[in-house]
Each structure stands twice: as C-alpha cells, then as structure tokens.
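In order of appearance the chains are A, B, C, D and E, and numbering begins at 1 in each one.
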Amino acid sequence: MQNFPILSFITLLPILGMVIILFIPKKQEIVIKSTTLAITAIQLIAAIILLKNFNYALGGVNDPSSFQFIEKFRWIDITGFSWIGRIKIDYFMGIDGISVPLVLLTAIISFIATLSSWTINKSVKGYFAMFLLLDTGMMGVFVALDFFLFYIFWELMLLPMYFLIGIWGGPRREYAAIKFFLYTLFGSIFILIVMIALYFSTTEVLADGTKVFTFNMLSMMNPQNFTATGILSPLNPNNLRLIAYIGLFVGFAIKIPMFPFHTWLPDAHVEAPTAISVILAGVLLKMGTYGILRVCFPIFPEITRQLVWYIALFGMINIIYGALCALAQKDFKKMIAYSSISHMGLVLLGMASLNSMGITGAVFQMFNHGTITAMLFLIVGVIYDRAHTRGLDEFGGLATQMPIYAGFTTLAFFAAIGLPGLSGFVSEAFVFLGAFGFTSIRTLTVISTLGILLGAGYMLWAMQRVFLGSLKDKWASLKDLTFREYAMLVPLSLIVLFLGIYPATMLNLMNSSVNAMVKFMANAQTMYGSLLH
Amino acid sequence: MTQIGLNHFLFVSTVLFCLGIFGIITRKNAVMVLMGIELILNSANINFIAFAKYGNFGYQGQIMALFVIILAAAEAAIALAIVLNIYKTFSTVNVDEIDTMKD
Amino acid sequence: MNTNNLNYLVNSLYLIKPELVISAIIVLLVLVDLIMLKNKKLLPYISIAGLLIAGYFIIEHFETNSFAFSTSSSAGMLIVDPFGNFFKLLIVFASILVVLFSVTSVEIKNSLDRHGEYYALIFGMILGMMFMASASDLIVIYISLELVSLSSYVLAGFTKQSLRNSEASLKYVIYGGISSGIMLFGISIIYGITGSTNLYEINSLIQAPQVQSLTFLLAGILIFVGIGYKISAAPFHFWTPDVYEGAPIPITAYLSIASKAAGFALLIRFIKVTFIQSIDPEGFWHLLSIIDWKSFIIIISILTMTLGNFAALWQSNMKRLLAYSSIAHAGYLLLGLAVMSNEGITAILIYFVVYAFMNLGAFFVVMLIANKIGSEELDDYKGLSSSTPFLAVSLSIFLISLTGLPPTAGFIGKLYIFIALIDAKMIVVAVIALLNTVVSLYYYVKVLKHMFLDKSEKEIPAISTSYASAVLLIAILAPVLVFGIYFTPLVDLAKSSITLLGF
Amino acid sequence: MTIYDLIFYLFAAITVISAFFVVTTRNIVYSAYYLLFTFFGVAGIYVLLGADFIAVVQLVVYVGGILILLLFGVMLTNRITNVQIKTGTIKIAPAAIGVALFAGILGAALLKTNWKTINSEIPISTTHTLGLLLIQQYAVVFELLGILLLIALIGAASMARK
Amino acid sequence: MTGNNLIQIALIILFLPLLGFTVTLFLAKKVKKIFLFETFILIVSFILSVALVFFKLNYFSQTTFTGEVNWINLGSISIDLGVMVDNIAVLMIFVVSLISMLVHLFSIAYMHGDKRYNRYFAYLGIFTFSMNGIVFTHNILMMYIFWELVGLSSYLLIGFWFEKKSASDAGKKAFIVNRVGDLGFFSGILILFATYHTFTFDKIFHQISLGVIPFNSEFWLTVTGILIFAGAIGKSAQFPLHVWLPDAMEGPTPVSALIHAATMVAAGVYLIIRVFPILTGNALEFIAIIGALSAFIPATIAITQNDIKKVLAYSTVSQLGYMVMALGVGAYKFAFFHLVTHAFFKAALFLGSGSVIHAMHHEQDIRKMGGLRKKLPLTYATFLISTLAISGVPLTSGFLSKDGILAGTFAFGNLTGQWFFAFVGFLVALVTAFYMFRLVILTFHGEPRDKEKFDHAHESPFVMVMPLVVLATLSIFIWYTPNPFNPEQGWFLSKWVKAPTIVTPQDARYSFLKSDEIKPEANVPTVQNVPAQTTQEINGSEEEVTFSKTYTEAMEHAHIPAMMLSLGLAGIGILFAFMFYQWKKLDPDKLAEKINPLYKLSLNKWYFDEIYDATFVALTLGISKLFAWFDNYIIDGIVNGSAALTKQVSNFSGKFDNIVVDGVVNGAAYLSGIVGLMFRRLQTGKVQTYIVLVVFSLVIILFIFKSF
C-alpha cells in the first residue's frame, strides 16, 4: 500500500479519464457520463482507502517526516547555473491531517457533481472533459507540497472553470466567467511573485551536500533554510516578508472570497450550472483558505501572528456582510452564494484564533461548508430544473407539493444555520470558542456571533418564501425528487448528520496536524525573533 | 569665423538630417518622402567622411559611405517599386490618404 | 599579407557555412524558377532542404566560439558563437515552418507565378537575419538589417492584390527607411567618437573615462531606434499593427518571430559587447555608466508591454490583435534584457523558443481559418468551436500559452523572466509585468469567448483541416504542452547558448 | 578666410539651401531638381574632405541613378497632362516643433562635443586603397551587398511587374 | 436499583422520543397508524420517568448522579457529553413526560383528519427528545445544543400549518427571536469556556468557588450570568423578547399546551435554576427586573385580548415572569415549585381551550362564545379548577407556589427596602385573577353569543377530556403538601427541592444571601475527570446549610402577610371580573372609552411588534439592502471603475457600448479600455503621424536620459 503512488493516482486519474473521454465519440453521451461517473467513483474509493490507511498520530504541517503517502522525486533539475545555483523542482506530494479532509471532500463533491451533471445535454463531451480536468486541478492543490506543483494545479483549474461557467452557464455566463477568471488570475499573480521570491530565499541541502534553492514548501517553513540575503529571508533585516505575506494573502483571499474581493462569487454562482456551483462552493472556495493555512501560516508564522487581528477582522466582515447581503437577495442561488461568503468568514475567523480549537473549527468548517453548501446548491438546482426560475418570491407552499424535497431543504438550511446535531454547528461553535479564547480578537468574535442570528434570518425567510405559505397554481405540477437527486442528497445528508452527532471521526483525523500547527505557530515568535540577532 | 573644422561639416549634416526628417513628415507625395530619406542618408555619409578625415581614422568611414550609397540605390529601387504598386492599387501616392488600416 | 589574408578569408568561410548554404539556395531558387517556369512545386522542397542543411551546419558547429573575417585578433566582422547559433537555429526553424505555412496558404498560392521571387526573398531575409545574429561590426549590422528590411518590405506587399497588402509595404518601407536612416546617423556618431565600427574595438576604446557621454548617449539611442523598430519596441513600434495586418499571414508570422529574434540577438549583442565593463560571478553585468541602459530598457519594456496589451484590448482583427500581442511580448522579452544578467538572457532565450512555438502556432491556426472563411475578423470567429473544434481548441491552447498560464509552455517562459526579475530584486517591475499579463488575458480570452461562447449569426459550414495541416499543427501544439510540464531540455539548450564570444 | 573655406561655404550653402527647397517646394519636379543640387553640394563636400572616389560614386549613383529613378517615379505616378505637378504639405506644425527640438538636441550635442581631431594629409587618391579594402577586409560586406542588390532587384521586379 | 440504573433509565427516557421521531417520520407516508407508535413510546417514557422519580426521590434523594462520555478530544481540550440525574431533573422530567404524553393523547383526537397527521406526531417526538435533553444535561454546551433543537422543533410545530402565512411567519419569528437570546447565551458560553475550558456545570461551579472568575472581574461574572440569562429571556419569552409567544399560538393548540405553556418556555427558567449558583447579586437583580416587567406588561395586555389562546399566551408570559422574578429575588425553591404547578394548570388551560376550540369548530374568539359550561361540563370544570389555581385561590397548587413567590418578594423588600418587586407581584396577582375570570366568564358563562356554533358544540371525546382531568387534578394542593396553606412543610419543598450552594464570591452576592457560616468548599461536590461511560455518585450537601438562613427566616416571616394580601387581591380581581362580565354591573366598554389610551396600549400589546418592526427589523433589512446595493454598485463599481464614468465614456463613443457588451466586462477593463483607447488614438494609420511620434518620443527619451 505504502508503495503505491495513491496520491498521484487520485490526482491524475481524472486526466486519464479526460483522455479516455476524448476518444469516445461525441454521440455516445451516456458512455461519456458513465465513464466520468466511474472515474469519480474510483477516485472516491481511492480517497476512502487513503483514509483507512491514514495514520492519525502523525502531525505533518512543517515536518516532512510526518507527512504521509509522500511521493517525491526530482522533476526538473537543471544544473550548471553557477550564479543562481541549481534549478530544482520536485514532484512532491503528501498529505497530513489538514489536507486529508479536503481530499476526501474533493472526491465526494466530484462524485456528487458528476451525478448532478447528468442533465447536461449541450456538448457533453467537452463538458465532462473539462470537468475532469477541473477535478485534477482541485485535487492537486490539496496534495501538492512543492510550491511550484501547487501553483501549477492552482492555475490548472482556472480554465476549465472558465469554460464550464462560460459555455454551460446561465444567461450572463460570459460576464460571470470572465469576472471569475480575471479575479482569480489577478490573485494568482501575487502568489506567483511571492512564490518566486520565496524560491530565491530558501535553500535545501541535497543528499550530496550541495545547497540549492527550492520550491519545497516544507523547507520554506524552517527558518534555518533561508539564505542570509534573500528578500524574503527572516535573516535579512530588510526583508519584505510583510509585503509578501499580504500579497500572498490577497491571492488566496480572492479565492475564499474575502471582502472586498468577493464580488465575483455571486455572479459566478448565479450563472454556473448546478454541478459547477456545487464544485465552486464545495471545493474551490476551500482552496483559498487551505492556501492560507498551508502556505501563509507556516511559512510566515511571525507575520501571521502580527496580522492575526486583521485576518479576524476580515473574517468578521465576511460573516456579517455576507449574511446581510444574503438577507437582501431575491435570487435563491445568489442568496446561497452570499451565505457562502458569510460561512467562509467563519473559516477565516477560526484560523485567526491560532489555537487548536479555532483551527480545528476552521478546517472542519471547510469540510462542512463543502458538504452543506453543496447540498444547498443541489437543492437550488432541483427547483431550477423544474421551474426554470430561482426567484425566491415566485414560489411558495412547495412543501405541500414536494414534501421530501422540503425535508431535505430543511435539513440543509438548518445545517447551514448551525443547528446542533448537524455538522455545521460543531465547526461553528469550535470556531467561536477558539476565537473567543484568543484575547486580542475577542471583541471581533462577539460581533461575529451576530452572524448566527442573521443566518437564521435569511435562511428561514427563504424557507418561508419558497416552501411555506400556500401553493401557487403554476407550481402544482412539480414533481418531487427523482432517484438521481436522492442519490446526490442522501449521502450528503448522512454526512452532515453523522458529523453533527459524532464529529470526532473527522476531528481526530486532523487533530495531530492541528496541534502541530498550533505548536509551530506558538513557537514562531521565539524562533523567528531570535533569528535576527 | 574660425577655420573650417569638423563642426562645420557636422552642422551641414545635422541640417540635412533634420530637413530630411522634416520632409518625410510633411510631404504628401510618397516620392517626396523618399527624397527625404535620401537626405538623411546623405547627412550620415557626410558625417562618416568628415569624421574619417578629421579623426584620421583611415578609410573605414569612406567604405561605410560607399556602402550606404549603394544601399540607398537598392532601397530607392524597392521603394519606388512599392510606390508604383501603390499607385496601381490606390490611384494615388499621397501617403496621408493611404490609411485603410488603422485602429 | 595577401596570402595570409586569403587564407583568413577561406578559414572564415568555413565558419559561415550556414550562411553560404542560404546564399547558394537563393541563387538556386532563382535559377530553378527561371528554368521551370510552370512548375513551382519544387521550390518549397528546395527551400526546406536548404534550411535543413543550414540547420545541420549550425548544429554541427554549435559550440564554435570564433571571430570570422577578423580585422585583428580580438575583433571581426562576424562572430560565430553559441548565442548567435541559437538564434540562427531559431530562425531556421521558424523559416521551415513558414515555408510550410506558405505551402498551405491560400493567399500565397494565389500568386503562384511569383513563387520564385517569394522564396528568394524569404531566403534573403534569412541570410540577413543570420548576419544580424552574428554581426559584430556596425557596418555589417547596418547592411544586414537593411537586407532583412528590403526583403520584408517586398514580402509584406507580396500578394499585391488587396489594398492593405500594398499599403503595408508602403508604410513599412517609409517607416523602415527613416528608422534605418536614424540608426545610420547614430552609427556615424559612434564612429566619430571612437573611430571604429567594430563593437569589440569600441568597447575597449570607451573604457577610457573621458568619453563624451552625452553624445554617446545620443548615438546609442539613435541606434536603438533602428533595432527597436525591428523588434517593435514602443515607441518605435507603430508600423507593427498595420504591417502585420496587411501582410500575408505567413509573412506576418515570420516577422513576428524571426525578424524579432534577429533583432533581439542584435540588441543583446550590441549592448553587451559594446558597453560591458565586467560580469560578476553571479552573472550580473556591470555596464559602463556611459549610458544607463538598464533604466532605459526598463522604461521601454514597460511602455512596450503596456501599450501592446492595452491597445490589443480593442482589436477586432485577429492579425492585428496578435500584432499588438507580439508588441507586448517584445516588452516581456525586453524585461529579460533589462535584468542585465546572464540569467535574464537565459530567460529571453527560453521565452523565445516558447514564443516561437505558440505565436507561430496561433498564426498558423489563424491562417488555416482564414483559408476557409476568408477573414481574420474576430466576429467571424463566432461559433468556430462547433464548426471546427480542432482548430478552436488548438488556437485556445496557443492563446492560453501566450497569456502565460500553466501548464503551457508560455507559463514557463514567463516564469523564467520573472525568476530573473525577482532574483535581480526588480519586484516593482515584475508586478507591473504581471498586471500586464492580467490585461492581456482580456483580449486572449475575448477570442476564446468568440469561438466558444458566442453563437454565430450565420450558418458556418464545418471546416475541415487537411491531414498535412493537422499533423503540422499537432507538431507545433505538442511542444507547447510538453514544455509546460517538462522543460528541462529547453532550459538546458538556453543555458548552453548564452555564451557570447569573449564573455 | 581661405579658398578652402570659401569653397566649403559655397558647397554648404548649395547643399543646405537646395535641401531646404527640396522639402518645401510644392512642385515635385522642382523638388527633384533641387535634390540634384543637394547631391552636387554633398559631392563637393566629399571632395573637400578628400574623398574623391566617394564623390564620384555619389554623382554616378545618386545623380545618375537614384535621382533619375525618383523622377521616373514622379512621372509614373502623376498624369503627364498635368504640368504643375504639385504636392501638398501636411503636419507642418508638429513637424516643425519636433524637428526643431530634435535639431536642437542633436546640434547641441554634436557641436559641443570635443571630437578627437588629428590633422592628416589629404591623400592623392583613395580609389586604390578603397578597392583593396573592399576585397580584403570588407569582402564579406561587399558580398553581402551583392546579395542585397540581387534581392533588391528581385524584389523591385516582383513588386513592379504586373 | 443503583445510580447506574438511574442513569440508564434517564438515557432511555432521553432517547426513546428520538426513536419515535425517526420511525414516525420515515414511516409517516407508509404506515397510517404510526402515530400510535409514537404515542406508545411516550407512554413508555412516562412510565419510566415515574419509575425514575420514584426511585430517585425515595432512595437517592441526596445524591446527584452523572454519567458522561467523551465526545471530542483535541488533546488539550476534551469535551464530554453527559447526563445528570438530580432531584430537579427528575421532577422536571416527570412534568415533561407527563404533559407530553397527555398532549399526545389529546392530539390523537384534536388533530384527527389533518393531512400531515403522522408528521405532527413525529415533530412532537423530536420536541420531547430535545426537551428531555435540556432536562438531563450536565453541561452547558449540551444545554445549548438541545436548546437549539427545541427551537427547531418549536419552529416546525408552530409553523405546522405552514399554508397559513401567519403560521409560517410565527414559526420564523419564534426561531429568530429566540436566536437573539441565544446569541447572548452563546456569548456567555464563550466566556465560560474561555475561562474554564470546560462546559460541565459542576466543574465550572467548582472553579468559581475556588475564586476563578472570568477576566478576574466580578463585573464579568455578572455579565456572564446576564448573557446566559439572555437565552432564558428568549426561550421563556421574557420582556423584551416575549413577542414571539403570542404569535406562536398559530400552532395547533395541543402544541401550545405542550410547548408554550408547560415545557419549552419553562426551559428558560430551568436554565436559570441550573446556573443559579454562579449568578451574582447584580445579575439576580437584573433578572428580577426583567421578570417583573415580563410579569406585568403581558398581564395588562391579557386583559383586553379576545382570542382565547392569546389570553392564555400572555398569561403564560406573565407567569413565567413571576418565576424569573422569584429567582431574581432569591426565591429559588418557589420558582421551581411554580414552574411545576404552572406547567400542570397552564397545560390544563391550554388543552381546555383546545377542547373549546375543537367543540366550536376552530373558533377562537371569546366574544363569540358564552354559556359553554352546559355543553362542555367536564371541560368547564377542569378549566375552572385551573383558573382558580392560576388566580391563586387556596386549596390549589397555584395558591401555594404563587404565595411563596409573593412571600419571597415581600421578604426581599423587607431585607433590602426595595418594595418594587413585591408591588408588582401583588398587582399582577390582582390582574391575573381578573383576566382569567374574564376569560372563564366570557367563555363558559352567560348566554351563547354565536347560536349556530353553540348548537353544534359538544363535549370532546375521552382522549381529550382525560388529560384535562388529570391535569386539573394535579392542580390541587394535596399532591404537594398536606397543609394547604403552607407548602414549606410539604415533601416537595422540604425533601425534594433544595436550594443550591451559591459559588459566587461573597461580596458579589446579595448581602442577605451571604453564607452565614463560612464553609467555602466543604459542601461543594468535587468532581474528578470521569472516564467515559461511568457513573459517579455525589453526596449531596446537607440540608439548608447552603442557602442563607437570613433569607429563609425573612420568608417565613413574610409568609402570612403575603398570603393574606394575595388572597385579598385575588378576591378583588375575581370580584371585578364578575362585576364586569357576569353581573354586568360595570360596563367594560365604557371603561375602555374612559381610559382609551391605556386601553389601546393594552389592546395593541404595547406596540411591541410595531416598534420592533420599525426599528430592528427595518434596520436590519435596511442595512442588508444597503449592503447588497453597496455590493452591487460600490464594490463592483470600484472594481468596475465606477459606473458613472462608464456611462460617460459610452456616450462619447458608440463603440464603447459594443465593446462593453462584447465582453470587456469588468471595470478594470473600462479603465484599461480607456488607456487602450488613448493608445489607439496614436495608431492613425498615417505613417507620417507615426514618424512624428517617433521623433517626439526620441526627444522625450533624450531629455529624460540627458540627466543621467
């Protein structure tokens, strides 16, 4: 098992699937769809196998020896540059407790989204090819440990997403697609610059004793690896680490999306087809927060500590602002899009706490938001497929007509509100408990709790407008859920319920890593503070 | 007035050069524009020869001038062929009227 | 002395075998054209054969490091070194592709009776460009530049049928004429100051501190006008959009790659050889302070890419759009020079290879499409994804690569440029360049949008691509993708090619 | 003021004044004739600078070749019936400003420069030396020029023929 | 029977309704009679709770049992879930199970024929589960969890008839208003957790008794107490969050009985009882004030309401206010006592009103009733008994508990000189008696005002009447004490309910609640970290040493005067009710005209809803609209380079619009577009222009570089 390159398998499998699909004749739509489903199913199974073999005790984060399923080999190695040393890029993958929930999430969501894509009937081949490419990009981001590789995967998902929104989206899809594209590209530019700058500040000692610059993220986390004069080296008194941090943070924040970089999200969601919304909200947004946690935090721990208040501040703004905007929406999907902004604010807030409770909450919230919001978008998709409208005010009384649908919706809505017994509550509570435990962001945390109230407000209001009240005549013919829709909603509901009642399953998974992270961050001040002397 | 020196020649060449540019910019007729280019080349040639003489640099300057003259001939030939072609297609050789391609 | 000299000439001839091959091919082409008036089919074969031979000679003597036609032991008319050979190889490669393009181009086919001239002129350009890549004497620089220019003036207006064709060549000739005139004036001034036209001699002469810096600056910038015009750097780029739009597509492609490459080879050599003072062990050049080339190139490159990108936003003609994009790319390439380090040059070389593939590829697709629908207007690209998915996807990949997104080769090219910039601590410049990349995304994506997202108003029939074209296209496409993932050979090649004679 | 000086001023005046008229006269044919005088003047200057061979080449190529070519160009691109072959001028103002500024910089730079000047004897004839240089040191350039002329020939022919 | 068994029984009681919920919900469509299963579950659970009460109170009345299981372990922090069985909990569970069972039975008939009949029972099941959770929890996090679940079930039940907009509105309102309180509750939990790193009550109390308090400030301890109390404000519908409860009457009447009379609203009071040890004097005073206001304001509103359920709803708020006030003034035991008695008689009243409504074919307006005692004799009888109880007439349970509370306020006045609470208490007693009898008289006495409906009215079936009888019976004193005038000697107060040890620092308490003997730790149960799934027996503290003797004595002194006064006032209230409505000696309408503003104020419920709508709701919606607008226009606008500029430019150039439409969508693009336009301007197509530009740029470059 340990010898099998399962991470590469899980990441590159979709690409293989894409190639297969490209050879299937255009007309064989069912074959194409089934192939995709099979590929994502295998991916999901692989993810579960991965989970079974995962060692809960190993921390990871900054310690290469406690990462698991490591695959590392020389990818690009150019020697002979006397002046900049050797250009060496590794193919370096590995997971720890922070990435493993997201790997699992990606596999689950991809599978569900494939099911949800079943209704696509416009250039099916292209759609699923893009879809699988996107899958690879997402998975890759979560398993890559080499910054260069990370960046490649990061950018890899840009284009498929652009096309998926732009071709299969709603009426204003082009606007939304290009907006999405530009925002994310704008963000990734900052990441690129910082990545290169980090490269020139970090060295790694090879087996043969030579020192080379490296893209290895784990090496970047050890201040001993920095060169004395690198512009991002803590050893350099004139370093630009603060600026680099902000740049990197903004790069990731756009993906989250953090206020005020969030406006691409509502548009993208509204226009994207259901499956893509599911992926977008379920996985893509997590890439931003994951990036912050995986890259910003451990590589710049001392700056993180310095700026933690601002991170929390933006988390708070996201929570409140997103919720208030959601309250004003008339479009079902847009409302949920804004609710995503609000919920992602919780992740930011949790991370800013820098204690194990808060970070656990943040990672768990990433997972939960992934499943819950996926459900919400599926739910919107169900109604949109039938009624071809998403106006909240146009419905009413659907609970009579579609009771089971209403039941699932209630579950998803209450999960999103953070009702105890459902997974959202645990992560939300952890985030608040953790953040409140950190003295300097205590006030922000208390203000943020308003989000709980507002969340209930917009969710229940939407619930009322769509499902309660008397049924309008024109919706009297709507059918309740189909088998395929069950297949999508039931697994997610079960996850949401199970993790609500027994969250330890997921929490234990990340526990060691989170503790390692917290410890690392706590030591950062002394570690980095002493460097300059 | 001082004795004729390098600067005098440079003055002439500079004037020629500037007049050449002036001509290129202001004349409508493509042939006239070509004349401007010839002026510029001549001014450069004066420089070469004057520098060669006053700096006592040998014959490099003169060789250069020789090459430039030959090149000017070739360029003129091609340029005029192009102008003729323009006349065939546009029925005019006024440079400012030839602007079908622009932003 | 006479015998020595002759020996020397003969020895030098061994060094310029590729150029000799090209010259011979010119003659051969003219002769074949004269003998076989009706059958023009042979010409491309001869051309490609000649190019392959030339290419072989270049590779054979790739590592040569020697002066040719020396005037003294440390100077010569020409230099044969890996750096020059790299560009020659690139030029030969681009030429092969362009010859192949020309075979498929409907535009060119329509003027069948003048094919002999066409290929002869292309070879004239090749010859000129090869000399540009290895010239180390201002006289050779000027003459070779003119040779390239004269050939391309004619080629730009080659088909003569449309207004824009003739217009292109007129604008080109006037613009080129004045630019080379200005350059010549600059050369004359340098000659006046130093008494030499050889770059190496000039370099050793101006090491003395009492050189007239203002005059030298003037001369340097005047010379830059001529080179800047060749590489279409702002503000000397104005001819580019009009000529690119007007010229036949193979020629446009050729201008955008080969003549730009030659121009860059010339520029790098000119600046490095003439103004170098020392190179530190880290590979950074320390130039004579006589001209602040670094600031100058930075300003020019930023101006160039900004102007190129922003103006491209508005284009509705594919060729024109690509023209502006190639201006922008000249800006990125100049950044590599602005670093003033060996690393920067490596980046330029890498970028050039990548750029050759992606830009030629893009033009090739544009040509194939134009062959069928007879238009390069963006509006006519609507719905292309359904009528010719293969071409649409290929074009998309090329454009994405031009944008510089991973995992395409374009990303690697840009990456190396930025690596060089950041290593030189030119962060602000890097940020500006990256923001420019975002802007460039607009217009590249606009094309994608037209092809994939828009519906065509009119019914477009399915466009078929001939087998040969498809193979050629895939051959260009593959490296764009492969180099994006595995670029070690590319970097190795570039790395081995930055050796300039004497440095 | 020596005779040398006088001759210089004469030729300089001819060159400059006629060049001025070249770029300002409205009549194209006049303009071409003024160009003739400019070329003469330049040739004279060459002679003054001891470049006798170049002066001759100047006369032969410029006056005998290029000028005639230009005149042909004028004739071929204007209907002969129109005696007054005139052309307009455009962009006088920007051209004047731009050129004046440019000339200012150029002049200031060039005239202020402290050129290295070494007095040298005027050789009797340069032809022999130039000839030798052409086939020895500059052989490659010379050959290159040959190819350039060939290309120009092909190009011009290709362009001009129907 | 050991403590372990008790814990097991408690767990069974806790989870049985969840089983009922799950089974009933999933089989709702498939099995018609599945509601019987749910009802059966409840009966079983009631029987078990009887057993639990019996064993606990008889054999282990001095002991607290806890059982816990590790839920989450983060290494540094571990969170346990657990149940705690003490006297308060078992009494409460008895009340909940009993009423829940009765309501189930009642509903079988009442809800008969509803199209979501089975689903209704499922909801009742989840509610009972959540309520049981609140009762049994041994930590505050679980309290919060079940607190929210109760909120969810009440949302489902209030909005059960969601086709009615008013019902779905009411459900939403209940949930959201509750959430406002929960925010405070949650913040309180945050403070507690941040301070003590545990949620378990015992551990928190222990640490406080050791002097560990939040932020090392008694002020913050007060704040924590008030914040947790905020949860109770929401759930127990206390002023100013009481507005949801009257609206919640949109739910089915049995639901009102279960949730909004007996159990859920009592949860707030139960919460205060649970956290009572940590409440400082200041916090208690605040609680008392809120309680007093909540007792008074709804009582005044109830006078003028005409909807039978609304009257009961306001009276519920008012009675809850009593309990809260009682806790505030330190009358801990009587607060809990009143909680129990009130649960029974208020449930009886609600179910009685349900019976009336059922009989009147869902007519709820008392102005259209009258004379129903002939048609509904049993209902009338039980209703009357309950009314007597709520009015505080002797021999009823209500008399006992209410009297205790009044004595508590009286004693408080005596000890502190603050007579406000006593005044409010007695005043409300008067008003309560008045409006309750107004209700009885208008409903059951006199002549029928709606003849047609009256004619069709008939006594309800057995399953409906039986619960009424049971509950009415429980409103008699005898169950609580042998002496109908002094509950102190009754087993309920003397044996079962003990005042807790207050753990707050001495100087933060009411002066009279200070321990008379300083025994700081002796009686505090020490709790070790208990391994999972084990039970621990904690020896209870000795009698009466935990609570202030001073206060106990003061109450004993206050007992007689308070009783006399309350009796008199209740009598006056009843008398006036008869004067106005039975004998028509006084005309209520004329009176209403005379004091019109007051009447209007009362009729319109003090305009709370209107004020909230105009302020908080409008403000929130306003801000949200503003933000949404801000998001659409400003943020996007900044990015988009400002919309106005765009329009301007598009006016200038027709092309611009084309290109905007054409996909240069984003505003940075507008801006770049403008830059691009500038560059385009240069590209005139005239080659001479280009040359001019070249010359000029040369000049500029030269100028720039001359300086270098």
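Rule of thumb we're sticking to: a residue touches a chain if its C-beta (ideal position, glycine included) is under 8 Å from a C-beta of that chain, and two chains touch if they have at least 3 such contacts.
The structure displayed is predicted, hence computed values, not measured ones.
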Could you give the fewest steps needed to travel from subunit C to subunit D through chains in contact?
1
Fewest hops from subunit A to subunit D - one hop per pair of touching chains:
2
Middle chain, criterion being Cα centroid separation
A
Please work out which of D-E and B-D is bridged by more C-beta pairs in contact, and write that pair.
B-D
Report the chain whose CA-based centre is farthest from the CA-based centre of subunit D.
E
Could you tell me the distance, in whole angstrom, between the mean C-alpha positions of subunit A and subunit B?
65
Centroid from C-alpha atoms only, then distance subunit B to subunit C, rounded to Å. What do you get?
26
Distance between subunit C and subunit E based on Cα centroids, please, to the nearest Å.
78
Distance from the CA centroid of subunit A to that of subunit C, rounded to the nearest Å?
43
What parts of subunit A, by residue number, touch at least two of the other chains?
174, 178, 182
Would you please write down the residue numbers of subunit C that are in contact with two or more other chains?
139, 143, 146, 150, 153-154, 157, 160, 169-171, 174, 178, 182, 189, 192, 195, 214, 218, 241-242, 311, 314, 438, 442, 445, 449
In subunit B, the residues touching two or more other chains are 17, 20-21, 24-26, 30, 33-34, 36, 45, 50-52, 55, 63, 67, 71, 74-75, 78, 81-83, 85, 95-96, 98-103
Touching pairs of chains, which are they?
A-C, A-E, B-C, B-D, B-E, C-D, C-E, D-E
Seen from subunit C, its contact residues with subunit B in the complex are 139, 142-143, 146, 150, 153-154, 157, 160, 162-164, 166-171, 173-174, 177-178, 181-182, 184-185, 187-189, 191-192, 195-197, 241-242, 245-246, 311, 314-315, 320
Residues of subunit A that touch subunit E when the two form their complex
174-175, 178-179, 182, 260, 262-263, 266, 321, 324-329, 356-357, 360, 397, 399-400, 414, 419-421, 425-426, 429, 432-433, 436-437, 442, 445-446, 449-450, 452-454, 456-457, 460-461, 463-464, 467-471, 502-504, 507-508, 511, 514-515
In the complex, go through subunit C and note every residue touching subunit A.
281-284, 341-343, 346, 400, 405-407, 411, 415, 418-419, 422-423, 425, 427, 430-431, 434-435, 437-438, 441-442, 445, 448-449, 452-453, 486-488, 491-492, 495
Residue numbers of subunit E touching subunit A in their complex, please.
71-77, 141, 144-146, 148-149, 152, 155, 159, 162-165, 167-169, 171-172, 175-176, 179-180, 182-183, 186-187, 189-191, 193-194, 620-621, 623-625, 627-629, 631, 635-636, 638-639, 663, 665-666, 668
Enumerate the contact residues on subunit D facing subunit E in the complex.
90-91, 94-95, 98-99, 101-102, 105
